[in-house]
Every structure is written in C-alpha cells, then in structure tokens.
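Below are two complexes that have subunit A in common, paired first with subunit B and then with subunit C.
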Partner chain A sequence: MSTAIENKKLKSNNKLVSTSLLLGGVLIAVMMIFGILMLLAQGGVIDVSDAAFYQFLTIHGTGMVGAAALAAAGVMWYFLNRYVELSKKIFIWFLGLVLIGVVLVVIGVFSFKYASAWTFLYPLPAISANAWGVTGALLYLFGMLILGTGFLLLYIDTGRAIIKKYGSLGKGLGWDVLSGKKKVSDAPPKAVVASTMVTIVNTTALIAGAAVLIMNIINVINPSFTFDPMLAKNLTYAFGHIFANAIIYMGVIVVYELLPKYANRPWAVSKLFLVAWTMSTAFTLVIYTHHMLMDFAMPKWMLIMGQALSYANGLPVLVVTAYGALMVVYKSGIKWDMASGLAFLSMFGWTVGVVPAVVDATIVVNHVMHNTKWVPGHFHMYMGLGAVVMLFSFTYYLAKIDSNVKESKLDKIAFWCYAIAMFAISAQFLVSGALSTPRRWAIHYPGWMTPAVFGAIAGVFLVIATTIFIIHFVRYLKNRGTVGSGLNEQKPA
Partner chain B sequence: MVQTAAWVTSLVFMSLVFVVYAVVAWKSREKSDYEQVKKKWTKARKIYATSLVTVLLVVCIYTLRELPYDLPIYGDDQDPTVVDVEAVQFGWIMSETEFKVGEPIEFDVTSSDVTHGFGIYDEDMTIIAQTQAMPEYTNTVYITFTKPGTYKILCMEYCGLAHHYMVSEITVTE
Partner chain C sequence: MKKPLVIGSLILLILIIPPIRIYMESIMIIHMLIQLPLLIVVGWFIGEFLMDKAPRVFELLNDNGIPGIIVFVAITMFWMLPRTLDEALTFPLYELFKFISLPLVGILLVDSWRKIKVFGRVFIFLNYLSMFGLMGWLYLDSPIQICNNYLLAQQKILGWGFIFITALMVMYVLQYVFTDHSAEEDISE
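Up next is the complex of A and B:
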C-alpha cells in the first residue's frame, strides 16, 4: 500500500520536474534559432533590421539563461527532494510565475520592440533613443521581476527544507563536518551540499536583481528618479553572473548522481569536497567584478580581486569535481549510454570552458577582449557544452528509469552532432574575439564575417541534435511510468 | 600581441583538457579495482593541485604587474595631452582627434546618456585599448601611439539600436 502511494507521489513529482525540463528544453532550442539568425545576419547572409537584431539579442540572452535555469531548477528539485521534504505547491507556483514572466518578456520584446539586451544597463531601459517606449520596458522589467520572484520562492523553499532537516544552511554545506563536530560519514549528500550552495548564491543574486529591476522600473515611470549607474551595474552583474553561474551548480548534481551509479563506484563526500563547495559558494558570490574590469572608476582592489578570485574559482572544479568524475570513470568498465555519455561530456564542457574564462578574467587580456566575441565564446562553451548537456543527460536518465522508451542510433548521432556543433560554435566565438570582433553588433565588417557564418552552419546541426534530444524526452512523457523502476532509483548512488 | 597570446594559451590548455578526457573515456572500457585507482590518483592529485595552484599564482601575480588603470610615469619634458571624450547616443564628442606618434595621451571618457564602451582599434582593426564610458563617471585611458595611421573608435557596450554605427576616427601622424 505504502509502495503504491510512494509510486504515485514519485510519478506526480516526475511529471512536475518533466514540465520544467520540457519547457526549458524547448525554449533552449527556440533560442538557438535566434542565435543562428544573429550569426547569419552578422555573417552578411541574411538581412535583419537593427531593431529585429537587438530584439533577438535580448530574447536570446534572457531566454537561454532563463530556460536553462528553469530546467536546472527542476533537476535540483528532483534530487534534493529525495533527501529533504520540498513543497510541491511551491514548485507549481514557481512554474506558474516563470511562465507569466516569460510571456511578459516575450510580449515586451516582440510586440513593443524592447531591446536592452539581458543586461538592461541603467539607464538604457528609460533612454532608448525612441527605439522602444515605456510599455515595452515595463513589460520586460516586470516580466523579469515576476520570473525572479518565482525562482526566489523556490529557493526560499529549498532553504527552508534544508534548514529543517540539517539545522542550518552552514550544516547543509557540511561546516559541522569541517569543524570536526560530525563525522565525514554523516556529512550531507552531494545533492544537498550543491543545493545549499545554489540556495545561498541565488537568493543573494535574485535580491540584487530585484533591487536593480525595481529601481529601473521607477526610473522608467518617473525619469526624475535617478540612481548611481555604477551601483546599478554592480547589482546587474551580481544578479546576472551569479544566476547564470548557478545553473551549472544545479546541473552538476546529475553528474554526482549518475556517474557513480553507472560506473558502480562510490563517490563519497569528503572534507575536500566540502571545502571545494564552500569555496565555490564564496567565490561565486564575489567574482562578478570580473565583468567590470573595464570600469576604471571601480575601486582598484575590487578589480584585482576580480581577477585573483576568478582564477581561484577554477580550482574547485579542476581539482575536485572534474578530477573526481575522471577518477570514477577511469578503468571502471562504465556502461555508456546517452545519460552517462552526456554527463561525462558535460564535465568536459565545464572543464574546458574554465580555460578561456580564466584567460578573459586576466585584466591585461580583458583590456583588449572585454565585450569582444571572446566572452560569448567562453560562456557558450561552459553553458552549451557543460550546463545544458547536464540537463539533457538527466532527460535521458529519467526516460530510462521511468519508461520503456529505448535509445536509438539517432540519439547517438545526435550526441556527437551536438558535441561537435557546440564546440564549433564556441570556437568560432573565440576566434572572433581573438580577431577583435565586438560582441552585440548587428553588423560585421568583412574581416569578421567568416567565423559568424561558420557558427551559423554549426548552429543548424546543433538545433537538429537538440530537437532529437527533445523528441526522445517527449516520447518518454507519452510513456511515463511504464517501467515502474522509479522506486529502485530512489536509492542514492 | 595579447590576443594571439590569449588564443594560443587557451588552445594549448583546451587541447590538454581534451586529451585527458579522451584518455579517460578510452580507458573506461577496462575494469580495475577502484581502491587501487583511488590510491594512485589521489596521490597524483596532490602534485596536480600543487602545480596548478603554483602556475595560477605565478601567472596571476605576473599579469597584475602592469594594469591599464595605472597612471604611467612621464618624463620631465613629457606633458600628457588630455582629451575629453563624451559618448552620446550614437556618436563620440572628442576635444582632439589628431595626435603624434610618441605623444602620451590621456582619454578622459564619460557619457552623457547611457553606458557606452570606448574601444580604440588600429588600422588592422585590432583593438588596442578600451574602457567603459559611464554617465556620472570618468574613466581614463592612458595610451602612447607607436605607429602612425587612422585609428577607429568603436562602441564596445550595447547602447541602443544604432550601437554599431557609433564609430569615429582619430589620426596619428609621425
């Protein structure tokens, strides 16, 4: 009887999580199309008006991060829910608010021509040189505020549940283990540690984001209300950097859970692991200043810390998470399928993406690379080849344990197609950056066009591969619960 | 050139990461006792972590020696030319646009509306310096041109629909 109830609860939870993943996955695919259109326009292949280009830019940046965060939150919720009691109602509210936010943003951008890019750098929303009006700006800013409120609600709930079970967020990060009050064997599971980190950083990010959004809203309504543009910029990047960064910290739970299972090897929590996650928590909160290295008016020590801590931020992943994943897989006889393959690929994407990120965080390099296409080069690698791959790894995993849908050769082709295409897109951005091509430019001079065209072609293959991933997931959704192996899956690796 | 150094460095380390992952994936077909694998590679991690921290520390300190924020040390007979730069949707207002090779220049950059980016491009369209053009703030770019030619000023921060038309020119003569 209790098994039947548990099974029903699990199915219902899977349905909720699947909704966030499906919505996120489809949005990601659609945003990819906008990415291709922008590259084609920059490559001189198609003619896109300036207004349309910057609308695409705004929706692509906002949509990609929003969609990936939505799906990643679903993944985190799925795994965290095994260890703590999360509120299903809050998750439904979260989905609802995100959906409302997305609708408002889309209407603002496409019906009211709002195009401030995701950065909405104060006072651009109010001073558009007559490109968009108050309505468009308010729709976008309120949309973002509602979307952010949805996320904030979710993280308040994850924080509440972690505190209820473990006593405090510090204990969720395993600080009582680090201080010697508790044995390592009693440390919180990896999913809890990661979720605690994300709860802390994203709550901070969302509060910073809400503050700058509200100030922008007031400025749009009443331009006589002004505030410090440098403060606004700090808040904007504190919000944007942390929020985008946290996607991979939610997604990596998939890697922690899947690779040990597939390799049939334990990946236990150690003190080093806990130290790494505490480091990631602290660094993620403060390194956003590497977005402001060309703001010479900022305190110099903050910019130097921006470089130094960005370097240090590479250490937890390079020394602990990626290294740990490699140890688990090395000579393990692991069973490779789409889920395990994508999990492994995602760790490669994350690790390789650290390289151009660290290079760009170097002040003397940033002096000639800032706001060139080098920047999207590094984050497409890290997000597209890292975070988003983790999400698709999870969709295949869910399909495997909760349905009888089998993987086909087409899925394997899509795997390689995705990996190569995403790498090619990232590489063309890096090449463009090395060629000094500015980012966020609707047109390119002839010497800058070739990489953009190459990227657009790679983008087509990327969309095809992503569509195949999504089709597999939709097939799962139609056959959900046909295996009933979900309860076995409850056992953590 | 900084861009080439950045590209080559990235390429080398990205290739290294690729090789490591490829070898591990290839070796994953074999099966070995995990305790032995763990023992060996946990030991190796100490060397790897120490090397990595050392390299990052050295590179970080080395690259922080000279920063674009620092006022250069001028000679006794060298008075820098101070140029007022004001960014405005969608153009550049500059107090001077003609300079000499070897002349120390300070571009005091600000904005009268939204945030822009002041990027100096050489004749090969390679960016050689930049700063943000912020309303209410002034950022100074210190530069001494070493080659004559026509340099372009491009906007490096998205500032509205005509952002990519926000291009100006300065001339540097012998």
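Up next is the complex of A and C:
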C-alpha cells in the first residue's frame, strides 16, 4: 500500500518536472532558430534590420539562459526531492511565475522592440536612442524580476528542506564530514551537496539581480535618478554570471545519479569531492569580476582575483566530476543508451568548454579577446555541449524509467548530429574570435562572414537533432506511467 | 494579559510627545530608521494584545497570514519612498496617516509572521534585504537633494544606515544557514 502511494507521488512529481523540462526544451529549440537567423544575417545570407537583430540577440540570450535554468531547476528538484521533502506547491508557483516572466519578456522584446541584450546593462534600458520606449524596458525588467522571484521561491524551499533534513547549509555541503565530526560514509548524497551549492550561490545572485533590476526600473521611470554604473555592472554580473553558471551545477546532478546506476558501480562521496564543491561555492560567488577585466576603474585586486580564481574555479568540481565519471565508466561494461551517452557527452562538453573561458579570463588575453566572438565560442560549447546535454540526458532517463517508449535509430542519429553540430557552432565562434570578429555586431565585414554561415548551417542540424530529442520526450509524456525500466527502483550509489 | 497593550501604548505616547516627535523627525536617519520602525513595534505589541482578545477577527481577516503581509509590504514600501517621508513633515494628514498606518501594519505583522511559517518569513526577509540594499544605494548615490526637508548630507547618512542594516541582515542570514537547526521542529513549509 505504502509503495503504491509512494509511486503515485513519484508519478505526480514526474508530471511537474516534465512540464519544466518540456517548456525548457521547446524554448531552447526556438531560441536556436533565432541564433541561426542572427548567424545568417551576420553571414550576409538574409537581410535582418539592425533593430530586429538586437531583438533576436536579446531574446536568444535571455531565452537560452532562462530556459536552461528552468529545465535544470526541474532536474535538481527531481533528484533532491528523493532525499529531502520539497514543496510541490512552491514548484507550481515557481513554474507559474517563470511563465509570467517569460510572457512579459517576449512582449517587451517583440511588441515594444526592447533590445538591450540579456545583460540589460545600466543605463542602456533607459538610454536607447529611441530604439525602444519606457513600456518595452519596463515589460522586460519586470518580466525578469518576476522570473527571478519564481527562482528565489524555489531556492528558499530547497534551502529550507536541506536545513530541515541536515541541520544547516554547511552540513548540506558536508562540512561536518570535513571537520571530522561525521564519517565520510554518512556524508550527504552528491545531489544534496550540489543542490546546497546552487541554493547558496543562486540566492545570492537573485538578491543582487533584484536590486539592480529595481534600480534600472527606477531609472527608466525617472531618468533623473541615476546610479553608479560601475556598481550596477558589478551587481548585474554578480547576478548574470552566477545564475548562468549555476545551470551546469544543477544539471550535473543527472550525471551523478545516472552513471553509477548504468555502470552498476558506486560513486561514493569523498572528502575531496566535498572540498571541491565548497571551493566552487566560494569561487562561483566572486569570479564574476572576470567580466570586468576591461573596466579600468575596477580595483586592481578584484581583477587579479577574477583571473586567479577563474583558473581555480574551473578545476575542483570539474576535475572531481569528470575524473569520477571516467572511473565509474572505465571497464564497467556500462550499457550505453541515449541517457547515459548524453550524460557522458556532457562531461566532454563541460571539460572542453571551460578551456576557452580560462584563456579569456587571463587579463592580457581578455583585453584582446573579450569583445570578440571567442566568448560566445566558450559559452556555446560549455552550455550547448555541457549543461543542455545534461538536461536532454535527463529527459531520456525519465522516458526510460517511466514509460515503455523505446529509443529508435533516429535518436542515435540525433545524438551524433547534435554533438557534431554543437561542436561546429562553438568552433566557428572560436575561429571568428581568433579572426578578431567582434561579438554582438549585426553587420559583419566580408572577411568575417564565412564562419557565421558555417555556424548557421550547423545550427539547422542542431535544431533538427533537438527536435528529435523533444519528440521523444513528447512521446514519453503521452505514454507516461506505462511500465518503465527498473532503473528507477535502484538505490542511487 | 494587558502588558503588551501597556508597553505598545507607552511607546506610542512617547513617540507622539511633540518635542520628541519633532526632534526625531528633524534628523532623516532617525525619522526613517528609528521612528518608523518604532511605530511598527507599537503595532506589534498592541497586536499581541488584540490577538489574545479577539482571535476570531484575525482568523476572519487574515486566515493564512498572506493578506496581512501583503498590506505590511505595501505600507512599508510606501514609507520608504523619500517623497512620503518629506510630505509627512509638510502635510499634517500624511503625518496622521503615518501614526495610524504603521502601528496598523505592526498589528498585521505580528499575526502574519506566525502564520506564514518559515518559507514565507525567509521570502519576506530576503525581499527586505535587497530592498534595503537598494534604498541605501539610492540615498547614497543620488547626486541631487531628493527631499525638501533634508539636506544632501542627511541623505547620505541615511544611505549608510540602510547599508548598515543590509550588512546586519546578511550576517544574520549567514549565521542562520550555517548553524545547526536539526533540533528545531519548526522548519516546515
């Protein structure tokens, strides 16, 4: 009887999480189309007005980060809910607020021509040279604020639940194990450690974001209220960088939960693992200054910290996770399918995607490369081949354990199509960066066009592959609850 | 249980005494960060008394605590605006409204705070944290005098006051989330 109730609860949770995944997945696919349009425009293939280009840029950036964060939050909620008691009501509120925020942002961008890019850098929302008006800016800024409020609700709930079960966020990170008060075998599970880290960094980011969004709103309504632009930029990136960065830390929970089950090997929490996550918690909060290496007015120590800690942040969790994943998989006789394959691919994407970032975080390189397409090269690889792949891995996993929908050859083709296309897109950005092609420019010189066209063509394949992933997930949604694989019942290692 | 009523009324009485009221309102930081919160404290004490005397009224008006906390947020946000602070000194009706509205939201706060549980409390706390930070920034960074009744230097002092409170709130959050609460029963949704 209790198992039946438990199963019913699980199924109902699956429905909620699926909603966030479906919404996130579809938004990602639509945003890819805007990406292709921008590359085609930069490549001189199609004519897109400058105003429309910057609207596309704004919606592409906002949509990608928002959609990926939405889906990743669903993944985190799904796994964390197995260890702590989360509130379903809050998750529904989260979904509702995010949806309202997305609608406001879309209306602001497309009906009122708002186009400040997703970074909404002060004082741009108020000073648009008549490209957009007050209404567009307010719709966008309020949309972001509501969206952020949704996420804040979610993280308050995850924080509350972790504190309730483990006593404190420090214990959620395993500090009592590190201090020797508890045995390593009693350490919190990896999903809890990762969720604690995300709760800490994203709550901080969202508070900073709320302050700078309201400040922008005040400035848009009454431009005579001005603020220190440098402080505004600091707060903006304290929000934007951390929030975008945390997507991968939510997504990686899939890798932690899936690979041990597939490989049928334990992936135990070690002290090194806990140290790595604590280090990443601290570093993620402070390395946003690598976005400001070109701002001469910034205190020098902050810039040096930005460089040094960016190097350091790239390593702990990534090394521990990538190395751990390799050890779990090596000679395990793992059964590869879409879920495990995508989880493993994401490790590759994360590892290689970090390299261009570390290069760009070097001050002398940054002065030359930061305003080129090198930077989109980094985050397309990191997000597209890393974080987003983790999310699709989860969709296949859910379909496997909660339905009888089988993977087809088409899915396997889509896997390779996605991997190669995403790699190609990232590579064309990096090549463009090496050619000194500026980023965020609607118009390119002829010498800059070829990589953009190449990227657009790769983008078409990427959209096809993503659509196949989504179709599989929709098939799952239609058959949800039919008998699935026994993987679900296996205890996480 | 008349003790809270007595304490609340006494504080209110002290705050109303003209020399004290005028002195408090002559210094911007004392007006915003001492007089206004004290008026809410008045409401808190009176609310404790009223909740004991007429619990049914609170059940009817503020069953789950959310209506009360929404009114609380709206009224306190209203009083955080520089213009309203200024007009309280210029128009007696505003002043009267201040002395009625803030104790009233204090009454609602004491009732709502118990009802909204940990989740709601944290949400409200974090909202005020970012709001206080923003207000500090606004008062510190404004290049112009934003109140007729207070000089630019007073604005700056108030700005630092807000930043100080924000810093205290951040420290409180840090000590709360990193100290052990496993023995507590109350961390429910």
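To be clear about the criterion, the second predicted complex is superposed on the first by the 485 of 493 C-alpha atoms of A that agree within 3 Å, B and C clash if a C-alpha of one lies under 4 Å from a C-alpha of the other, contacts with A are read in each partner's own complex, and residues count from 1 in each chain.
Throughout what follows, a residue touches a chain if its C-beta (ideal position, glycine included) is under 8 Å from a C-beta of that chain, and two chains touch if they have at least 3 such contacts.
Remember, predicted model here, so these are calculated numbers, not experimental data.
When both complexes are superposed on subunit A, subunit B and subunit C sit side by side without a clash.
Legend: residue contacts after superposition of the two complexes on their common chain; A:Ile207 is shown touching subunit C, with no touch to subunit B. Of the two partner chains, subunit B is the only one touched by A:Ala129; subunit C is not. Look at A:Ser87: by the touch rule set out above, it reaches subunit C but stays clear of subunit B.
Of the two partner chains placed by the overlay, only subunit B lies in contact with A:Ala308; subunit C stays clear of it. Judged by the touch definition given at the top, the superposed model places A:Tyr166 against subunit C, while subunit B stays out of reach. Counted by residues of subunit A touched, the larger count belongs to B, out of subunit B and subunit C.
Once the two complexes are overlaid on the shared chain, A:Asp157 sits against subunit C while remaining clear of subunit B. In the superposition on chain A, A:Phe110 makes contact with neither subunit B nor subunit C. Contacts of A:Leu121 after superposition: subunit B is touched, whereas subunit C is not reached. Of the two partner chains, subunit B and subunit C are each touched by A:Asp228. Subunit B and subunit C, viewed from the C-alpha centre of subunit A in the overlaid structures, lie at an angle of 100 degrees when rounded to the nearest 10. The gap separating subunit B from subunit C in the superposed three-chain model is 12 Å, by closest C-alpha atoms. Residues common to the contacts of subunit A with subunit B and with subunit C across the two structures: 228. By the touch criterion stated above, subunit A contacts subunit B in their complex at residues 50-51, 54, 57, 115-117, 119, 121, 123-124, 127-129, 131, 228-230, 233, 263, 265-266, 292, 294-297, 300, 303-304, 307-308, 311-312, 314-315, 318-319, 323, 326-327, 329-334, 336, 344, 347-348, 351-352, 355-356, 358-360, 362-365, 367-372, 374, 430-431, 433-436, 438, 440-443, 445, 447-448.
Residues 87, 89-90, 152-153, 156-157, 159-160, 163-164, 166-171, 200, 203, 207-208, 210-211, 214-215, 218, 224-228, 231 of subunit A are the ones that touch subunit C when the two sit in their complex. Interface residues of subunit C facing subunit A in the complex, by the touch rule stated above, are 118-119, 122-123, 126-127, 129-131, 133-134, 137-138, 141-144, 177-182, 187-189. Residues 2-7, 9-10, 13-14, 17-18, 20-21, 24-25, 27-32, 34, 37-38, 41-42, 45, 48-49, 52-53, 56, 59-60, 63-64, 66-69, 89-90, 113-115, 117, 119, 121, 125-132, 134-140, 154-164 of subunit B are the ones touching subunit A in the complex.
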